[in-house]
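Heads up, the next two complexes both have chain A, just with different partners, chain B and then chain C.
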Partner chain A sequence: MYDIKALYEAQSVGEAVSLRLEHPDAHIIAGGSDVLIKMREGKLAGCELISIYGIDALRGVALEDDGTIRIGSLTSFSHITKSPIIQEHINVLGEAVDQVGGPQIRNIGTIGGNTCNGVTSADSASTLLAWDAIVELTGKEGVRRLPIRDFYIKAGVVDLHPDEIQTAILIPKEAYAGYQGHYIKYAMRNAMDIATTGCSVNVKLSADKKTMEDVRIAYGVAGPVPMRCPTAEALAKGKAVSAEVVEAFGQAVLEDINPRDSWRASKAFRQHIAVELAKRALQKSIELAGGAL
Partner chain B sequence: MVVGKSVTRVDAYDKATGRAKYTDDLCDKSALVARIKHSEIAHGFVKSVDTAAAEAIPGVVKVFTCFDVPNVPFPTAGHPWSTDPHHQDVADRLLLNRHVRYYGDDVCVVVAENEVAAAQAERAIRVEYEELPFVLDVQEAMKPDAPQIQENFPGNILGHTSVRKGDYEKAIQEPGLIKVEGWYDTPTVQHCHIENHVCYAQMEAGRVIVTSSTQIPHIVRRVVGQALGIPWGKVRVIKPYIGGGFGNKQDALYEPLCAWLSYMLGGRLVKIDCSREETFVSNRVRHAIRSHIISWVRPDGTFAARKLECFSNQGAYASHGHGVNAKGMNAFPQLYPCDNVECDSYTVYTNRPSAGAMRGYGIPQAMFAGEAHIDDVCKAIGADPIDFRRSHVMPQGYVDGFSKNENYYDTFNQVMDKGLILSDFRRKQKEYANQTGPVRRGVGMALFWYNTAVWPISLESSSCRMVLNQDGSIQMQTGETEIGQGCDTAFAQMAAEALGIPVEDVHPVSTQDTDVTPFGTGAYASRQTYIGGFAIKQTATLLKERILRYAKELTRQDVSLLDIRDGKIVRTSDGRELMTLGELATEALYSLEHSEHLTAESTYQIKNNAYSFGCSFAEVEVDIPLCKVKLLNLVNVHDCGTLINPQLAEAQVHGGMSMAIGYGLSEELKFDAKTGKPLNNNLLDYKLSTFMDHPDLTVGFVENAEPTSPYGTKALGEPPACSGAPAIRNAILNATGVAVDRAPVTPHILFDRFTEAGLL
Partner chain C sequence: MAQYKLIHWNLNGKDVETMVDVRASLTDVLRNDYRMTSVKKGCEVGECGACNVIIDGECFNSCIYLAVWADGKHVRTLESLLGPNGELSDIQQAFVDEAAIQCGFCTPGFIMTAVEILESGKLYSDEELRKLLSGHLCRCTGYQNILRAVKKTMYRRLGKELPAE
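This part shows the complex of A and B:
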């Protein structure tokens, strides 16, 4: 039995926006796999909820005319993993979200919820960040788009205006065409776990597969919000594919990340693992792109 | 012969389809909901409680505080009662506590009409404390200036027992000895049965009726009577199907409080349903035990002397107390007999959750320390772990002076032989001998010592009732409880065998109800198949005699020429089937000449105990840079005597191996050093291993019939959880050369140890 004061169910994006304005204290609930847990813990006890779960228009993965991949915010993790569009163009995202929780959570949990939570450990977040995803937000003024790295403000806080809901995640063609990537979730067990650290890398190789034209890397749980590593990226970009560069790339992430000491893991341990994951994820990405060390 | 066959569980279809009823399914929906306010400090006194806001919440019926409960200390351990006051369990509990002794102690309880109101009220209660210093570490708690946790136990030592054999001090003077010394830590873990503890109570005709998810209904009846200060006959306890217990429910948990609440509310129906978070902290946990072992080894590899000190973290209340650590200690001199031994075991109160019974009862801790140490000895002297164990382990014919247990067979060598084959150990040992890369494989093994049941420390008895139906089938009741392990099925097989009827014709009454179920102490100590077998055999024999006497009246054949075979009365001289048991039973009930309800009931007191030994073999792959262990294979081999139901036995071993995997690699309840607050009392942060963390589990049995058992059987409930963790630890040692000194061997620990060892 949940301590819910009121539940408002939106049937359309417009109705959701109106409900947001009418009930400024209400929380948005989609699949509920985070909100209901917080309520059970007493953190959101007695709150009002606006459910957007019934807005079917926000479900599904589509390829737009300009090649942009559009992922409706209510698309479940399992649907993302099984989407042929995702599998063809950005398979790593499907692999990453396939590591969320267990099968039931992947069926109910949505990518919109996973990003709007603002948590650093979200399995989708580092990959979306590493692929320069765009967040689409819809409010009373219409649609607003911003890069996902600007969407995250601080731990648990995202740039979502009081009248807005997140309606889609977009990945522009230039962000994915020619790239191959790999995500490694490092956790204490092989399922039903939260990442100790998660690392997503992608690379675009030259036609001869000898040069890294672009390298992008993002982490979860390496700081308060999911983060990119500009120093490491700059170091590798334009370099020849080699074991030495992979090693230097791994060490360089320490310039960018800022994991904390907590009872879950020490800072030294997280840093050590982050370096190792960067190297392994880059190596695997290079291999997926047809290169070899 | 139905004993020895893998017959389908008697409850399989009901459980698989969801028809089986558990405590919460049976509770009437009109029940009031009780919610406990737990202490938010680790140690101190409650100065005052403000319940005004809580009581004003709509739906709240009543708030009780620690100032309201009777000052009647009671024990909670699920041990048989002792009529000797010196052997009774420590009574250090009250229903709610002013002196709170751990973060999570019970301070107040809200009773409300629904869960939401109860939760709101629980949050609205304001408790003012006088805080005291607290101590979490077992050895810190033994220091003279440590906070004192229980008034009657100055120095915090709940129990201290010793073993002395030969002359240790003299023996270690022998020239040329190699000293191998180690400290080994095991973690606080929780049982994590799928059904949290839940109970409900109401009053009827001046008596309190408690329905509970418990392993020990007859013991809970006694404890509720003690806690409420009412005659035990005024308490009735009902135990339906339960979703696991693993020892947590071998304690009186919230049944006394629930019964008291009903009593205080005019007999209204009250339910206490623990959350997972409460189950982790405010039920029971496994004792974290720190062991210090010194072995003095001669150059020829024999032991000159050995020493063990083990320090058991009891937590705030006695529960099962020192018995757990004492059992582990007593295994030490038996498993590897040595002429000169000193052992000291201490059980010490700390400001942690109370430790109680948990599958293995001190043996998983003792085997982690002891078997890790044996591999450390082997490493120190360059011995092969298998050969060394063969040379030193308890030999065939060994008799323990106290329990009179005898090692009738060459069990340890037999289980190792089988384990070596099943794990392909020797080939892999060679293959993994000289690895240098970042990812290395290793193999390791560990033995375990276990003994069945609790004789001669405590009472061992079992009672059984059989009632013949008109169709020749029987109902069977025992005090032994089905807690998921399948004892109802094993008992049905035993009864069918003893009576000569088809197993389908035995209907075990799964629910225990202390008003109608014969006395039995319940599911613990891996005792039930062994102990229950005596009473079942005896009662079946009694019933059979009565049936055959009646058959004589109907058939005019002498009893000595009659038998029951496959549900039919048979003349043994020529094998002729004279009538079916159903025909006899119908006649016996309705006969106008001689009507008799054919039943039998008896108690059997057992004054024996049986060793139950085995081993585990593990194979791991260690990714050194990632500090990760992948368990590739795990093999358990057991000699639990004759198997009653091989399929159920194998499933039992799988479950225990799974527990051992978590114990060895991932599970630990953690506490904040600054506040004593539990940090990970939920199934996300507490790393119970999942299916994805398990390799295929391989199980082997060596079936040496136990001579003292009518069915040749002995312990298998707990033994499967005892040796897996040290086998995994020893495999990691084999792979990396790093001897980890604690369980679980998590990536955090490996990061530290690999760094120290220069591997990172």
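This part shows the complex of A and C:
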């Protein structure tokens, strides 16, 4: 038995919004793979829950008319990995979420939960950040959209109003068309482990594959929330594809990131790993995009 | 004050109706209401896979699955694998033959994951099988015999010869 004071089940987004307004102290539960663990630890014990797990309308990946990729917030990790739309346009996201926990966790964990928890180590977060994803929130006034980098406020806190739930993650066409990317999760084990550091890089090459027209990079666990590296991105953008630029790009991330010491790893180790991951992920992205060093 | 909900679901091929306490995990209901004691309580925080069951064709750790969510779902536990006279299924027999069981606590969870793997009808490499089985902890066997039992059954069901190791 879980120490749940009361459970309110929403079958639609409208119902979820009403329940949010009626029960301001209640916590949202989607797949529950963060919430129920916290409850067992005693952190959320005795609280009220609004379950949105039954809102099937928030499941699935779709391609909208303007080319935007729409991922319903309740879509599980395994369904993202298996989606043909994800495989064709942003395969790296499917690969990133395929590194979460183990198979059963990937069947219950949702992308909405992985972003609304505001956790820096969340395996989808760095890739979504690196692909300029948009977060869609629905509340009593209707729908609000904001870039994912503005959604994160501080560790564990996201920009979610008291009447809102997250309803989708959107990736606009201009953010993915022509890009190829790679995600590296550095952890102590291959399964059932949280990232020591996670790094997601993507690149858009010129038609002749010699110039990097755009480079984007984001980290998990390099700071309190997932973060981009503007210095490194500016350094590589517009440069010729070369081993020197990849090296300089790797070193430049140190200007942007701010990892901390924790029992999992020291700050110095995380910095070392971050440089190496940036170089490897960029190199791999260049290869995937058809370029060569 | 206790809060209950009536759920309609299918357990091991039988339609059932259950009045569940909203605080219950699916593990609680399977063990306490239906005596499905193959569903083990290991960690109860989603780490070990001892409570794994198949829900609508996919594996879930039932300890972190609210019982109310089973409404309208098809749930399968290890008990569903036995033949009419209690005969073991091929995958269970393979676990016995390969000494993939010692204390047996992790076994039902592993076998239900194996069932999902086998029912996909696909042929997986050892590396793929390791990843597919990685949501379970076993403190006894060292995993190699479990991998062998699943692999052997996969080849047999596909009518292919098991490659020499």
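Here is the rule we use: the second predicted complex is superposed on the first by the 293 of 293 C-alpha atoms of A that agree within 3 Å, B and C clash if a C-alpha of one lies under 4 Å from a C-alpha of the other, contacts with A are read in each partner's own complex, and residues count from 1 in each chain.
Basically, a contact is a pair of C-beta atoms (placed from the backbone, for glycine too) under 8 Å apart; a residue touches a chain by one contact, two chains touch by 3 or more.
All figures in this text were calculated on a predicted structure; none of them were measured in a lab.
Undergrad: With the two structures laid over each other on chain A, which partner does A:D3 touch: chain B (first), chain C (second), both, or neither?
TA: In the superposition, A:D3 touches chain B and chain C alike.
Undergrad: Name the contact category of A:A45: first (chain B only), second (chain C only), both, or neither.
TA: In the superposition, A:A45 touches chain B alone.
Undergrad: Could you say whether A:P103 touches chain B, chain C, both of them, or neither, answering first, second, both or neither?
TA: second
Undergrad: Please work out whether A:S33 is in contact with chain B alone, chain C alone, both, or neither, and reply first, second, both or neither.
TA: After superposing on A, A:S33 lies in contact with chain C but is clear of chain B.
Undergrad: Could you tell me if A:Y53 is touching chain B, chain C, both of them or neither one (first, second, both, neither)?
TA: The second partner, chain C, only.
Undergrad: Does chain B (first) or chain C (second) touch A:G238, or do both, or does neither?
TA: A:G238 sits against neither chain B nor chain C.
Undergrad: With both complexes overlaid on chain A, does A:N190 touch chain B (first), chain C (second), both or neither?
TA: Touch partners of A:N190: chain B and chain C.
Undergrad: Identify the partner contact of A:G14: answer first if only chain B is touched, second if only chain C is, both if each is, neither if none is.
TA: Touch status of A:G14: no partner.
Undergrad: Taking the superposition as given, does A:G156 touch the first partner, chain B, the second, chain C, both, or neither?
TA: Neither: A:G156 stays clear of chain B and chain C.
Undergrad: Per the definitions at the top, what is the overlap between the chain A residues touching chain B and those touching chain C?
TA: 1-3, 190-192
Undergrad: Inside the complex, what are the residues of chain A that reach chain C?
TA: Within the complex, chain A contacts chain C at residues 1-4, 6-7, 9, 29, 32-33, 36-37, 40, 51, 53-54, 78, 101-105, 107-108, 190-192.
Undergrad: Sort out for me which residues of chain C touch chain A in the complex.
TA: By the definition above, chain C touches chain A via 3, 21-25, 28, 44-47, 49, 52, 58-61, 64-66, 68-69, 71, 113, 131-132, 134-136.
Undergrad: Show me the residue ranges of chain A that touch chain B in the complex, using the header's touch definition.
TA: Contacts found on chain A: 1-3, 42, 45-46, 186, 188-194, 196, 263-266, 268-269, 272-273, 276.
Undergrad: Residues of chain B touching chain A in their complex?
TA: Contacts found on chain B: 114-116, 119-120, 123, 625-627, 666, 670, 672, 679-680, 683-685, 687, 689-693, 746-748, 751, 760.
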